[in-house]
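Reading through the structure tokens given below for one structure.
Note that the chains are named A, B and C in the order they appear, and that numbering of residues resets to 1 at the start of each chain.
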């Protein structure tokens, strides 16, 4: 019992602050925004959270190991383009194409993992390279044309129902929650998660303890890639057409969500639930700010301030924790 | 005579052209505590890394329990029961105690799902067996270094260890933690576990080990029975020459020497409480105390590295405001950190660059560095301090600990500091280099520099200081002139807790 | 053995052919070249521009080299492309600048190398006198006016009741071409409404606002803070969520897509010929689908083939020392009724 309380005290604090901030933000926009407090707006917030959410959950694993994955934005677009092109030009059935989208994401993740773990490239550089490679591959595969997925009216429009039904029911939130739960279990109840934290906490110690660090690091980057593939499906279902060369910048939005959710960029600390909340904070901001009639440049400004504030809060909190420790 | 559990014979190791081990031998019996000693660079660590599978030998033979041993990685060594407790504790700070102990061999259900309840229970019974009380769910990073080390030892035992290697285990422990450790070691001894004990601390070696193997320059020098051998004999074997460690008996500071630094009521919650002292010209002022007594924290507060809550500082009788290291440097204070690699030198810069790091302004004009002058001055100080380096362009990373320390000293001398704070000046430095540092400190004092020396080695404090200040739990508990000081007196003050005092 | 011989001889033939064609290339150096730097590559729009340019190259006997950066945000990449093109010393160069100020140095460099510069699409607006030979572009202001005219005809009847609102989604406020489409629309709509005796407030973005408050009709402009689908959709949705909205205009493909995606996220949908009247610009799969389903009243399209063709035509005039004026390559209004006609179909892209 004491155990649980202690856990909430040390690990859960940031999550509580984040959740409080999320609720506060939503309430504030509901009061001050015109027409913000509607089901349709809520569905839009969900819409904006699916693909960023998947990206962020995947990259949370990488960040906990002390690494970074900058490629997820363009990998998401690239895998969606590959799937869409196969659907349009090769006539493969849609379900297979969706599966291939996840697979392509996983392959990019595997490449990242091998570069980081075996070839010892710094994650920043390796995934920066993959970011460009994925962007290029997307352009080549699509022959530099936009890729259009089937519209809702077409016979293959069913895949849109995964994220939103025709009468606007946000099925996607359940999909996102389901994958969040899967990720939480992976991170906290399986060896993958244990080694993710171990590597981020002290890679050398993990290696000397007989952990196959190379293998697990690769697995972690693959998870990030697979989630980028999932994000590709979510993006296609939500926005229908995909432009090659796009996708850059989404990785930073995802990473911002992760950091706002309390995962430390220096590794060893983090939670998927925090990421989930962080992503929603970013989405509520993104969707909500136009509703209070703010000019676009102010919206970007405020989003930036929130990210910095969240990180500052985290630093302040961990400092306080340390000082408490010394006293006891 | 029983047969040894481990025999390492004629072990050699080459790292791309450099011979780290030329001919190393070691044999070990069940239930034996075997000290492995030698100056830094003698090859102790390399030999142990070969034993524990971190490195592979280039030549020689290892026999373990009667069978020839060929280890490819640390995991194989662990599985065979050969475990090392590293000097720099290899813990995953964010993970719990139980998670750390069982990392790499978690209890699993269906090969994938973690069973944390099981490892907690096993950790608990492990601790019970060892008679220590640690909560298996606690995050490792929240434990003291001593407790962390106990977890490491528990981890070793949970591997069903037959051989445990301790690499400088007491370097960061308090007196009571050391006693606890020694109690555990004798427990393990009774159970028949063989232990290799690497340390620079001769008194510890004499206290707990059965035999001592000495290495020098990658070679086996000899093995002796501890109880038949004196400290000086072992040291002679290590360095190949005779070194005397005589305590100082009388202060060399003149009665009327000027007070160069006076600290009054320095307070920094929660580690330093109302500390006042003064330092005279040409004096070596020793700060003794146990780990966590607040000595380093006091030094950092005076140097402005950490913000003090209260207190005033006078330099040459004048009140000064020191709120950052910059202020301290401007007032002629230099600080030599106990953790050289983190705070003292920039290991990837050259000797010359490090030497002028604090005084670059003097050697530059309009932002351009006069490299000729830098070269000249750093060379001059290398000669003065007898720093062993092929050239002043050598990267500090490639220097030995003692020579790195000299570079730091050069840095402060070039900056014209006349108050030098030495924090554990000889930690991690081998015996030969140690005496050179001592000579140097004495020379500095004779030159009129004033030195504050923080040291956890009582022999060092007694040998160097003109006056000794003892701290305990953030307070100054006593001041001793060197002629009245002895180990017993210092320890009494160092354990003088607030409640009892 | 025989095989090996055959491969060797085949190789020899290839090498010989290579040398010959290489020589052929050398003898052809008298052919004039035109370097064309577009704003992008990924849109079918630019493919159509290239088609027109290639056609003109064939017709007029000049060599065309068509390049463009990967995305419309790649300002630096495009400036590099322009510099590369100048270094090749072509006979003329056609530019659709992503960012005018960033391209000015390059344009001046072309001038000092005596390479004539032709602007196309959005051209290089604001370039100093004499640096640009002439422009072949859609008069975006006029095209915006066309959209306003068509929308006004459809909503005229609804203006009388209450204080209606007209929404405008604009991708950004910095691009000259998109701003002109927005501005043309706003000016024309304002004057049309005023001619019915009503007052107009323009709100939502400082650049376009007219400072009138409490007008009979409000024109509300939404510009996303970042150019991506999520932000576009959000901007469109804030407009669609306002109850007094009677019409909405998206001034390029991105904006039209944003309106369509936002509408699909609203239960029951808001746009349609008998509901909120929607007018778009350019084309694209989603927009064409919306027009066919009569969710969109119609859209204005530029004539990208004509842009490409006219640009090369101007380039040839320039290298021949002739004089020329700016050319308006025209814009067309299309609806569900004429979308498959011969005049419109070639101008649209999926």
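Following the convention adopted for this analysis, a contact is a pair of C-beta atoms (placed from the backbone, for glycine too) under 8 Å apart; a residue touches a chain by one contact, two chains touch by 3 or more.
These figures come from a predicted structure and were not determined experimentally.
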Middle chain, criterion being Cα centroid separation: A
Furthest chain, CA centroid comparison against subunit A: B
Of A-B and A-C, whichever chain pair has more C-beta contact pairs: A-C
Centroid spacing, where centroids are CA-atom means, of subunit B and subunit C in whole angstrom: 70
Centre-of-Cα separation between subunit B and subunit A, whole angstrom: 44
Subunit A and subunit C: spacing of chain centres that average the CA atoms, whole Å: 33
Partner subunit B, residues of subunit A touching it in the complex: 3, 6, 10, 189-191, 193-194, 197-198, 200-202, 204-211, 268-269, 325-327
Footprint of subunit A on subunit B - complex, ascending: 54, 73-75, 78-79, 86, 90-95, 99, 103-106, 108, 112-114, 137, 139, 142, 270-271
Residue ranges of subunit A touching subunit C (in the complex, touch as defined): 34-35, 38-41, 43-44, 47-48, 52, 135, 139, 142, 144-146, 148, 151-153, 164, 167-168, 235, 238-241, 243-246, 248-250, 286-287, 289-291, 293, 295-297, 299-300, 303
Residue ranges of subunit C touching subunit A (in the complex, touch as defined): 41-44, 47, 70-71, 204-206, 222-226, 228-231, 233-235, 237-238, 241-243, 257, 261-262, 264-267, 284-286, 289, 293, 350
